[in-house]
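Next up: some structures, all given as structure tokens.
Look at the two complexes coming up: chain A is in both, with chain B in one and chain C in the other.
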Partner chain A sequence: MTELLEPRAIGRDTVRRDGEAKVRGTATYAIETPVQHPAYVHPVQATVPLGRITGIDTSAAEAIEGVVAVLTHENAERLASTDDREFAVLQSDEVAFRGQVVAVVVAETSELARQGADAVEVTYAEQPHDSALRVDHPDLYKPEKINPSFETDTAEGDVAAAMATAHVTVEETYSTAMYHNNPLEMHATTALWDPSAEVPLTLWDSTQGVHPDRAAVCEVFGLEQEQVRVICPFVGGGFGSKGTPHAHVFLATMAARAVPGRPVKLGLTRQQMFSLVGYRTPTIQRMQLAADRTGRLQAIAIDVVEQTSRIKEFAEQTGVPTRMMYASPNRRTTHRLAALDVPVPSWMRAPGECPGMFGPEVAMDELAERLGIDPVELRIRNEPERDPETGKPWSSRNLVQCLREGAERFGWADRPPAGHREGAWLVGTGVASSVYPTMRQATSTARIRYEDGRYVAEIGAADLGTGAWTVLPQIAADALDVDEGDVEVRIGDTRYPIASVAGGSSGTNTWGSALTVAAREFRTKFGRSPADGDEVSGDVDQASKDDAHAAYAFGAQFVEVRVNVDTGELRVPRLYGVFGAGRIINPRTARSQLLGGMTMGLSMALHENSVWDTRLGQVANHDLAEYHVTVNADVGDMQAHWLDEHDPYVNVMGSKGIGEIGITGTAAAVVNAVHRATGIRIRDLPVTLDKVLTALP
Partner chain B sequence: MKPFAFARPADAAEAVATVATEPRAVFLAGGTNLVDHLKLGVARPDLVVDVRRLTSREITDTADGGLRIGAAVTNSELAADRRVRERYPVLAQALLAGATGQLRNLATTGGNPLQRTRCVYFQDVSTPCNKREPGSGCSAVGGYTRYHAILGTSAALPDPTAPETCIATHPSDMAVALAVLDAQVQVLGPAGARTIPFAELHRLPGDDPSRDTVLEHGELITAIDLPPLPAGARSAYRKVRDRASYAFALVSVAAVVADGEVRLALGGVAHKPWRASRAEEALRGGPVADDAVRHAMDVELTTAQPQPGVDGGNGFKIPLVTRTVVATVRDLTQETQA
Partner chain C sequence: MRFLQPTTWAEALEARAAHPEAVAIAGGTDVMVAVNFGRLRPPVLLDLTRVAELQEWAPDDGAVRLGAGVPYARVITELGDRLPGLAMAARTIGSPQIRNRGTVGGNLATASPAGDAHPALLAADAEVEVASVRGTRRIPVTDFYTGVKRSALAPDELIAAVRITPPSGPQQYSKIGTRNAMVIAVAAFGLALHPDRGAVGTGIGSAAPTPRRATAAEEFLAGELAGLWESRGELPAATATRFGELVAEASAPIDDVRGTAAYRVHALSVMARRALTWAWAEYRTAKESRPCD
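The block that comes next holds the complex of A and B.
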């Protein structure tokens, strides 16, 4: 039990501190970094999905006036570490996936770099590739662990026996598509290698964590941390794709080292992002539910099949939410992977929970239908008293309250009957639960200094557009017991103390905890009247930590879907979410986060789909004209609400993470609403109009 | 991306002469499609000739009661014109169904019908494409075909290696409306001016998928003429797409309903805006109840060839386009009766 900070700045609807600079266009992003006389880098990508480079002719590129250098596996520097094969750029003649970078051209302008890249002639010995995921892939294997370090499989009791004897069962297979993160700001790195400087390598990189970025670069190039500085004040979205560096960061560094003293800029194109910066694996989810006649679950099981790349494993933890969401005596989760000749999958907003709240939450709706029980009520009846996975009590679990408040706000009790028609539209309503674990990273340090009458806090944190610039000062102000205006927090630079990645919705929890430790130390050491220059650091590992409770944020999402009776076009006039996510630090940035997550969930439901061309081994629709994300016209009234939740166990702010929970469950709620409108149960995302056509009058 | 020369001639005649003498020259108008293609390497001209200020930006009444639209009139201006909105709602609706406000502010009357297919393989220079690189084959056949043609496709199907194979669709919404309105295209070429019926401007892939239109190299669209519609005619454009805005059509329908006559043009189904003349013939003079329209569309679609593909193919377009036509005609008929 932790005594929570007295909220004064916390909870206030303060404006974004970085808002004005962004609106005025003065906030510089990585590619815009003002540097002297930069050169530009453009990658050449493999056009075969598997094979070897048999020849690479750079002479035409080098002959172009303005081309400074062409790097290939034949002339690029040998890296200190090639253990991570995604990072080991230009080290061999092997091509492991289509779109892999086989050369980079460095030139005086970005146009010349592109021209040079076009002029590089590469010949390949192509080998037969395998890039098609299927549930019966012969090479499915069981990974050692799933992201980041969960058990791959879990089992309790006897699911098969429960399925055989239960009053009602659901046994269905669901699938989610391949998704690409597609932040608005395309991945970019500006790099300077100046061997004569005290810090020879400077990277201005669009990243979710300057320190993790630096650690990877040091490892790959054999540099000491003191030799590298990473700077990133602003990020135009990442959604996990900037959570770890990808090939371009190492390519930019390599290019910079090839032209010492001259800065280089590498900005990926949107099309290149579809093979070089990670994506969410497609998932196939076989669900089993068994229930007694009152709707109490007797068994819940999910068997997941998904893919990874042959050169680097990423095992999405899709089955993890099934382990803790509902009470059931018999339970099973498994994960099997196919390692394919495909680009490397990675984190994308709520890895695990996002796809993993699709199959189970549609299956719950199917169960409710078979039992004739309201789907809100069915979920309430299966509320576990303790975490079914660990047996621990919940730090706070307000799923039932979220469902009830959401139902009230939405008018669930008075919802129209199945198949209801208004004019040319069939109307359906649906619900699903949301969940996301409350995580705190083990490493982060904040430094607080009293400077010119203000408190300056420094920590190498990242603001992806999420609000860190704004909420960290709120936390520091309350921790120091001063006005928010007396606090400045500086982030986004490895010159500041180490900070964890902005991922797993853990940033505010982790960095905020470090700030509160530093503030406490500061007051202990210097009292309330510090001298100019007084300075102290605090580590997150000194913050009170509770291991006795299972900590999660919960939520419920309610959707109204309209399906056109003539064309099957789908519209979502209403999408409401209610969340129990601890204390909300800033309602303005929190609402954006929750609505953004819900929008991305809606996008997953209706639109997003990286169409994998199994013949070519690449995403066919690799730009934003063809890879559709939801637009304003698709949706009407979207609302995010939250409970006034008091959780004394998570941290002294009382806050849980809110960056990812919004995307979980949304797609299931949409599918459930489409079923109520049309009678069609769509188990494979996205829900497109062709899938409902046959059900229309 | 490759370097090119850039020219700004003084008038349209000089622009035509300039392009005609340089085999790898192109006209630049709004640039909303060409500039993308320059970046992607789809277009690799030696010379880009800017015609943005060289044709009329006026919409004028013609003696027969129609309109003449200068080639430089932007899509935004055209969609907002009161005469267009009142007399040719199908055209205003089609324009507003296309692209975004920003793009419509740049896109022109002459340029919009000449935009090229959004076939993902056409736009990806790392894949074979008969339209982009004649004789290289077709990557779309058996690939991602959701946005591809079901009508008028080449006889070589399904052979992806044949030089004739192409299942691309024409992406313009505006062009579907112009096809149903029997528009006329005013063209200036090296050999002088000529008029092309809009329905004949675009080609089917035939034996040369690389050619989208019948325009010869150096020919420039200077204006598009709209003849008047019959008195009492109603018209509408209905576009069905995967999201509510900013997406190309899965199918679209431009319809004109007048006394004893139904005119239909379809988008998203063929290499060109598809005038559904068989369906029109089947409906001529008869009732336009749902069943009759459905039957007429069955006649129209007898030659339809749905394409299989990695994402389930595009067979859904056959029922979808029929349902969309039925609904559109029904709405127009009910409007007329009301």
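The block that comes next holds the complex of A and C.
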């Protein structure tokens, strides 16, 4: 147990420290980095889905005045490590997916680079490719582990026996679509290789972690950490797609090394992002639920089929929430992958929990319907006292309170009956649970220095737009027991001490812990009257990590939908979420995170869908004109609330992380509401107008 | 790529004649997307935004002559009363930025089956005024669309204007997309009632290889309304339903990423029935005076 920081700055809705710079446009993003006389890099992408390059003619491109260099697998430098085949750019003649980069053109302007890229002639020996995910794909295999290092399969008791004898069962297959992260700021890297400098390589990269970014670049290019600096003060969103570097970071570095002393800029286009920066695998989820007549689960099982790329494995942990969400004596989870000739999938907001809270939460609604039990009540009846997966007690678990408070706020008790009609609209309400694990990373260090009457804390963390610039000073101020205005926190540069990736909703938990350790060491060493220049460092305190408890944030989402009886058009007048996510550091930035997650969940329910063309092996709707995301006009009243939760087991702030939980469960709540309105159970996302057509009178 | 910027209509037509391979650009909301995506690499771009004559509209011989370069935003703010159907269509297009740039002339030149202006132009019996150094001609909009993104425009011609007669009766426009803003239509429908000549106009969008009229539906409805124009009596529900069915039958949609063919057929019948119901209700309550002058 940890004594939590006394909240003075923590809990206040202070304005974003970086807000004014962003509103005024003075915040500098990676592609805008002011550098002297930059050259521009544009990739050439493979136009076949699988095969070998038989020839590359760069002469026409090189003949264009203003083209500085053309790099291909024939002339590019050999990398120190090619173990990661996504990172091993321009190292061979193999094409593993359509859109893979086969050359880059470096030129005086971005337009000339693009023109040069168009002028590169590549010929291929194309081979038959396989890019279609099927539940009965003949080459499905069991990965050794699933992201990041969970067991692939788990089993307890006998699901089949329970299914055979239970009062009620649900056995259905659900599917989620392929999704692309699509942050507003497209991926970009500005790179400078200056061999004569003390630090020869500088990267201004749009990343969720300057230190992990640097580690990957060092590994691939065989450089020492001291030789590389990565800078990233501001990020225009990432949603996981900037959590690990992708091919463009290595291409930009390679291009910079080809023109020593001259900075280069590589900014991906929106369309290139659909091949090069990761995505969420489509998932197929076969669910089994068995329950007695009171609704108590006798079995819960999920068998997941999803895809990865042939050159690099990413196994989305879709079945993981089924392992711990509800009590049941018999349970099973499995994951099987098809390795296809497709771009490399990766993290996207709440990998695992986001798709993995779709099938189970719709299945629970189907079970409630078959039992004639209110779906809120059904979830409450299956509340586990301890974590079903590990047997550990919960650090805190307030799912039931979230469900009850949400039901109260939403007016659930007075909800209209199934199939209720108001004029031309069928009205339905739906509920689903949300969950996300509470994590703290093993490595992060903060340095605190007393400087000109203020406390300056430095940590190489990242702010994706989430609010780290704002909440870290709040934490540091309380840890130092000073006014927030007396603290400055600097992030986004490898010159600051090592920090973990902004991912897994763990940034604030991890970096805040390190800041607190450093603050306490500072006070121990220098007291309350430090001298100018006094300085200490502190590491994240894994020693105090509580392994005796299972730590998760929970939530409940309630949604009202209206389906037009004539056209099937869908309206979402209300979407409410209530979360038990530990102590909220800053209500202003927290509300944005939760509402943003819920919006993305709504988007997954209604709109987002990377339409995969299995003949060509590419996303057909690879731009924001056709890859629709939910917009303001698609939703009415959205509310995010949280419980005043006190959890002494997670970390010294008592915070659980809020970046991802909002996206989990939303899509299931929408599907459940559509069913309540229309009687149609849509098990394949997204919910489009044509899928409800058969239900219309 | 050459970039031509004529400042007068005569210069524009000469440039067009000299460069039949040129792609004309006005608002750029179609052309620049195609260029950006690498689908279009014209050797010559003919920029029409400096031709003042294209940027104006004016009453002309009982019609509104709408210059090809007038953006949708101005159609909405300046012509909402005179050209209600087209203004309704314009309101559904893109975002404010797109409506500030995009033009009816550009919509016609692209001739996409999903272009939002087409159903309104078809319903209103618009004429497209095209010109070349050889002279000027008017093409009924019904004859303008010749195939998917193909039109009756000759290689040396440019679109000068669209001529639309302000309606003698109500107009409606309806569009369904997969979200509530900034979408390409899954299906669209335009309707115009012409009580002065006892006629009905229709336009179907995004549900056939070209924008098209529902001729059988128009003739059916004109027949049904023959006895009702004068009395302004109630429209039988069966008439509206049958009208919707006939509109749907006139379509020839496909399945695509935005929706299925079956959904489009259904949606068109609904939109046509609704549009008629709204338009007739408006007609019944309208004062004796003409709604527009």
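Assume the second predicted complex is superposed on the first by the 694 of 697 C-alpha atoms of A that agree within 3 Å, B and C clash if a C-alpha of one lies under 4 Å from a C-alpha of the other, contacts with A are read in each partner's own complex, and residues count from 1 in each chain.
Assume a residue touches a chain if its C-beta (ideal position, glycine included) is under 8 Å from a C-beta of that chain, and two chains touch if they have at least 3 such contacts.
Computed from a predicted structure; not experimentally measured.
Superposition of the two structures on chain A shows chain C clashing with chain B. Of the two partner chains placed around the shared chain by superposition, chain B is the only one that A:E111 touches, whereas chain C remains out of contact. Of the two partner chains placed around the shared chain by superposition, chain B and chain C are both touched by A:L689. After overlaying the two complexes on the shared chain, residue contacts for A:A155 are found with neither chain B nor chain C. Touch criterion met: A:E569 reaches chain B and chain C at once. When the shared chain is aligned, chain B and chain C each come close enough to touch A:L606. By the touch criterion defined above, A:A620 lies against chain B and chain C together after alignment on the C-alpha atoms of chain A.
In the superposed model, A:T47 lies in contact with chain B only, and not with chain C.
For the contact definition in use here, the residues of chain A common to its chain B contact set and its chain C contact set are 118, 271, 566-569, 606-607, 609, 611, 620-621, 623, 625-626, 628, 630-634, 688-690, 693, 696.
Residues 33, 37-38, 176, 178-184, 186, 257, 259-260, 262-263, 266-267, 270-271, 273-274 of chain C touch chain A in their complex.
Note for the complex: chain B touches chain A at residues 1-3, 39-41, 118, 120-121, 123-124, 126-127, 139, 142-144, 146-147, 240-248, 250, 310-312, 316, 319-320, 323-324, 326-327.
Touching chain B in their complex are the following residues of chain A: 45, 47, 111, 114-115, 118, 271, 424, 566-569, 571, 606-607, 609, 611-616, 620-623, 625-626, 628, 630-634, 688-690, 693, 696. Residues 118, 271, 566-569, 606-607, 609, 611, 620-621, 623, 625-626, 628, 630-634, 688-690, 693, 696 of chain A are the ones that touch chain C when the two sit in their complex.
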